[in-house]
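These notes are about the structure you will find just below.
Should a chain be cited, it is by its letter among A, B, C and D, assigned in written order, with residues numbered from 1 in that chain.
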């Protein structure tokens, strides 16, 4: 990877976002209905490579069940409103009324109710009872505290997700910092961890024994990580780096650790580009909040939007486009790329002549970022 | 062609759009009235290197006849409104009233009328009767079905045109996929195929025996291919790659297969740049819809704008600038580059000191895309 | 000069505009009042390196006389309104009322009055009578016709100026094309020719024996050459290339042919950058139209704005900022860079530690064009 | 450092602004409360690496005292309003009412009152009496005149600050130009000098014996140096170059001369990026004017905004966000990066796994400037 000198003796790499690149079709095409979008992680097989983001504006227990019915996976946050309120309906309605923008003050109030450990079990049970795969997410900082309750709730998959999550959280003052390597190996449930945005970070997360890593540090539309912290890595580069880590990890261990692009994808085209960059699956937030089933009427916000001292995200609102099924599988009446995301992924695969996700990862890319794509 | 690493081990090429480049005049000039814009494909000689796009908002039988009179070529789509309605006037008027934007729902209704094979013959006859060269376009997916009717109609030229068209459409489920190599060779009529946007794709299309290839995957203003599918190649790079394929094909076979830039050109300057990049001719859509003869009052849309499940285009409207003759040959009262397209191409040739299209392909280019061209 | 492949086997250079670059001060500074802006061309010495553009909205005989008084040079076009009308006041007032934009129709009417050869003599005499250096401009196409009258009028300097002017205008149909090499050598008056925008073009113009070359193909705000013809070269690159031609020409002949940047400079900063790129002097249009003495109240347009068949420019209007003396020498109350252009050039020279124009050409440049200059 | 040819034989470097880059977290994280932001210059130790800019809209004696209480440093300009007026309250209120934009005329009037040398002593005493570190700034042009008074006032630190300040101010007419090398060495008070924006300039300023150099030529939002003079160097590159000078100077002398990024930082993220580029500390202007203690109600302007002949800055106004303590240390209710600047710097340090400023300088950077950071 070429290093560019930005000043005498100080180098940086050139990063590329998904909107900087496009897929170049080559000499073969194929019919879209032959495209196979399935993937599997650990023992679980999915028809479509989509995980709904563990954000309260995106995934409710109901959305998780519907995601499962549609062949994908829904992830519920155990520190979200569904584990703080027995019935969060009224609270979600209040949030749905908020004007988009900085809503830390209002959200802090809503999230001041404590997490009720019993509700973790209840939510997992709700999803399991519907015959769906139950995946729950927890932040690294709360993992030690909530893990006993999560384990007791017995989900199929566990996500440990923070803005930046590392395999090695060094500390001199805390007696017992989170040691992901120890933690992941001792758990029976398969774990997906992230976010990360570099080769080294992804590789070390893979070495914890995680089944998958989430790639992306603040690329989503609700995030302000770059403005507040100066921290970012454009998503196409981050995914490609994680792909390189996956190959090395596979070579070292024989284990294929899944790369899941998390955030920064708004359209079916973005999803296809993420796959070509190296993603095995994608985690979607705001694009799925466009579903009628959206818990807060299209409002989306991240857990960092109401941080007590340093909020790093905004509340946004996306237009409702139809049932989740239609958002994912169409049909679409519009050409903005927001509806029929899986149809678009199938068609992108088809015009490149491929029939599986793994094949699509081989497609050629062009950098278009200088101007328009005309 | 330099590969750029966008992440560890994942490369992409830098692509350039027509607006990223400009022509640099050198040490000679010439008078514009000496510039020769003529070209020929197969047995047909044209005074100007322009084909009107087979879009219903651009080319009617009347426009095709007028294009011929002006020295160019008009291409009529056999799956368009003129072969679905004996008199599409009322239907075109209705489309002309539509607001620009996503109009899939309204267009689907208009196009729900089936193609009447007899009308294919009638339209070709209409154009032939006027003494004009008759060129018709068909999509790859309908080629097998409609080919007998097209052959019976006996056009001078056939265009097989899709968003992405390949020489090799692989399939496991369809009994008899479209084999362009076999098809093109068995036809008596010269065939132009596309779109394509890479060296390999263009080369393989040339090897089918096509007389010309259309270059451009979704660069036009009505297209949303990049947003919906993530698929694109900036047009300057796509044309230059096709030029390289033309040279190799010429070296291998002795046959000069014409490179026709399709889409992404709004002004006379864009046309000149496309030629310098390597185009032998250009296919124009929306720039020609600015003619008074425009079938739907300046409304333009592509066949992918009303796809049943995944529309990939919008309906746009361009301002009417005058008769087609004036749009092409001037005089112009404006300096926006939209009128007197051929006068501009002649002048561009003249300030570079060249007198033929083939010579203009040798002009020097500069990349201007960093900022304004001041 | 590195060539970049824009497609397989097709190269282009990366061009830079003046706004893409900035001057980097180094380890010395100097007082601005020591900065020496003088230059000389042929026998004529000037205190400031500014020529007012031969545009009717910029240079009247009165402006030429005032330019001389301020140490610069004013150039009057012999095909402009002052040689078509004995008193163009009313006509200029009419143009001053026009809305900015495409004004080809209105301008054609105003310019339909023929050039009166006697008025050429009268205008030169007017300027000479005031004790000022008289410089007149003529277009290449009218040079043969008007030269006898110009010669009779006996100006001190002659400018032969077109959008693109070459040393070699090839033709097969015209009996006697303009041969600049022959023409320039046979004239007694020193000649400045242009515009050009490449090393080869500048070198060949220098070899005609010209005293100076104008560099810039359509960079000004009134020009639409890039949109209409696709022809351009970003101004920083064009000037630097002409500087290389100047060095070669000097090496071959011992003659220093002056490089005059023409167009694309709006502020004092732009002028300083043009000098660092290699300009010996600058020709200014719209920045000088901001003077109270401006002939058409701040309206500016080029001779190509009313071309009979292919206009390639617009009429713009700049805000009046004060007397010409103030625009050039200050004082300024504003920090937009439009007033006190020479003070700014002196200060730029000072913060780089230089005291002459030739020294300033050695300053270091940085490319800033990726984002803001913060 | 790679040189890029912008024209034949004329080179430039590619510069990068802070918004062109971002910090890439790697395989370690740490808790933000372990992050140590302290630094020291000469004998003075500071808890936070922030100097308030010596601008009258930013630093009053009161702000300087509060900066000290919060662990930073406030710098008061000895040519500002506090040394021209015994009580500048009314004057500051008048400036606070001005509309943003070019305010040279109004500011000239306000600053027409002469500097009263006695007030210099009074202001220093005021700050000293509060037990705070007293730092004062003077422009290079006034240094000779005001130095006796400054020395008599006995501040702890002296800043010699101009838009461009060099170690070597050459002159032929002035009898006794400012010789920084001689001056800095003869003073007992530690001196910080600048601005500079290149390796050579920084190195020579370091060689004067300065304790620190200010890096930045006009990057702030109040500056128009680039528009007016064409002079600039993007801030990330300027800081990195100064860092290289610091390393060479350390190698040659054993002395670590502090690099202080001055201007062009609006958010906590920008500050973190500046540190990663090589800054030991930052000088902040407009971000601190957002404090309730701001002397002119959020209005900010530089001393070059009212230059008598060539103003090079505007008056801007920033929104008041809360007490200075909150702007620096939070808590924040917003995610725009303008509040809790030090909390953000701590968090950026933490997600990169570092615990000191010197360590953070080793973090990895990515260039994001092609498009959005998604």
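Here is the rule we use: a contact is a pair of C-beta atoms (placed from the backbone, for glycine too) under 8 Å apart; a residue touches a chain by one contact, two chains touch by 3 or more.
These numbers come from a predicted model, not from an experiment.
Asks: Taking touch as defined above, what minimum step count separates subunit A and subunit C?
Replies: Minimal hop count between subunit A and subunit C: 2.
Asks: Just how much do you need to spin subunit A so its Cα atoms sit on those of subunit D, in degrees to the nearest 5?
Replies: 90
Asks: How would you label the subunit B and subunit C contact, same or different, if same means the shared numbers make up over half of all numbers there?
Replies: different
Asks: Roughly how far is subunit A from subunit B, going centre to centre by Cα mean, in whole Å?
Replies: Centres of subunit A and subunit B (C-alpha means) sit 40 Å apart.
Asks: When the centre of a chain is set as the mean of its C-alpha atoms, what distance in Å lies between subunit B and subunit D?
Replies: 56
Asks: Give the residues of subunit A touching no fewer than two other chains, as numbers and ranges.
Replies: Residues 14, 16, 237, 367, 370 of subunit A each touch two or more of the other chains.
Asks: Which residues, counting only subunit B, touch subunit C once they are in their complex?
Replies: Residues in contact with subunit C: 1-2, 14, 16, 20-31, 33-34, 199, 236-241, 243-244, 247, 267-273, 276-278, 330-337, 340, 343-344, 347-348, 351-353, 364-368, 370-374.
Asks: Can you list the residues on subunit C that touch subunit B in the complex?
Replies: For this pair, the touching residues of subunit C are 4-20, 102, 104-105, 163-174, 196-198, 200-201, 203-204, 217-221, 224, 226-235, 237, 263-264, 305, 308-314, 369-370.
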